[in-house]
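What follows is chain A paired twice: with chain B in the first complex and chain C in the second.
Presenting the complex of A and B:
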């Protein structure tokens, strides 16, 4: 497969199009259904975070999602030009504490890390923020 | 486009929500609305039947977290049933089975309300 990109407006109703786009590419790359589902969910979480936090629900900003094959690695890059953040401020929740205190929210980043093999950030607030999600295919 | 729908029905003192389709950040407010309505009507024994739920993201999981405390404070519960493996795997990955009763079948979930129902 070759690299390809989809651009969506920053609206939650467009999440389904991103999931379909990424699922098709992941399947073509060779992943079985279980991994395809994991990748689509991780990308959904990344885009949802962009809509909520980077663009604060402004509906007409651009989100670019690029899928790239590198040997056995399938990489998905999600780019926005919204408000950035310091990735070192994002901590995985302690789920026991989370449940015992009925906490809410904050699960997206944790899910991305559990679902993918690698999660990387390049943050340049207002200019270009990129999250790269990678999963390796056992060939 | 109806990518997510909720059907509601009563089973004696238990209220059943049947979810269908894709539960993500776009459709989660619909489920929130349904829970708000149930709490407003003082309906605290709730089964969420996920037989036709094809997809869930953390936005959907967040809705369950948002209401479980209030429901339990009122001696009720939110029990989940009939999940596909795909949907169950997402709940399981985050450890949700520690907090929620998830049964293979709606009848099992209903039976687990047994004691609560006879108290009424």
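Presenting the complex of A and C:
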């Protein structure tokens, strides 16, 4: 497969287009359905975070999603120009505590880390924020 | 496509893909529940943390009056997500229903 990019507007209705784009590329790269679904979910979570936190639901901002093959690594980069957020502030939620206080947030980032092998951030608020999600394929 | 439908037997049926675009629709149905209710996942192909958040909100509200959601008939992907998110400590999940 070759690297390719999709641009979407920052609306939750566009998440399905991103999942379809990433699923097709992951399948082409060689992942089985189980891993394809995990990758698509991780990218959904990353894009939802951009819509909610970086763009604060402004509906017409740009989100760029690029898929790149690197030997056995399948990388997905999600870029935005919103306010960004510090992912180091997000800790794995304790579900009992999460539930009893009904804390919002944190679950999506936690799932992203569980679903992928590597999650990296480059944050430059207002200019360029990038989240890179990587999953390795056992060949 | 996502559908959330109250069934004649009192269950709530989910089908399609439950992501952040479906939160308002799901909240409108789940927010009306007043008693312990089975949520039938048999038609649900996909759920993200936004969907999990809707269910958590409903569970939290119902628990205050001694009620709760019983989640049934999940497919493997959805069941794996609940396991990964460690939500078994919050919901009653009936794998044999």
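By definition in this document, the second predicted complex is superposed on the first by the 131 of 139 C-alpha atoms of A that agree within 3 Å, B and C clash if a C-alpha of one lies under 4 Å from a C-alpha of the other, contacts with A are read in each partner's own complex, and residues count from 1 in each chain.
Basically, contacts are C-beta pairs under 8 Å (C-beta built on N, C-alpha and C of every residue); 3 or more make two chains touch, one makes a residue touch a chain.
All values reported here derive from a predicted model rather than from experimental measurement.
Peer 1: A:16 in the overlay: touching chain B, chain C, both, or neither? Say first, second, both or neither.
Peer 2: A:16 contacts both chain B and chain C.
Peer 1: After the superposition on A, what does A:115 contact: first (chain B), second (chain C), both or neither?
Peer 2: Both partners, chain B and chain C.
Peer 1: Overlap the chain B and chain C contact sets on chain A and report the shared residues.
Peer 2: 11-13, 15-16, 19, 34, 37, 41, 44-45, 48, 51-52, 95-96, 99, 102, 104, 107-108, 110-111, 114-115
Peer 1: Within their complex, state which residues of chain A touch chain B.
Peer 2: Contacts found on chain A: 11-13, 15-16, 19, 34, 37, 41, 44-45, 48, 51-52, 95-96, 99, 102-105, 107-108, 110-111, 114-115.
Peer 1: Where on chain B does chain A make contact in their complex?
Peer 2: 3, 22, 24-26, 55, 57-59, 61-62, 65-66, 68-69, 86, 89-90, 93-95, 98-99
Peer 1: Give the list of chain C residues in touch with chain A in this complex.
Peer 2: Contacts found on chain C: 17, 19-21, 23, 46, 48-50, 52-53, 56-57, 59-60, 76-77, 81, 84-87, 89-90.
Peer 1: Within the complex, which stretch of chain A touches chain C?
Peer 2: 11-13, 15-16, 19, 34, 37, 41, 44-45, 48, 51-52, 95-96, 98-99, 102, 104, 107-108, 110-111, 114-115
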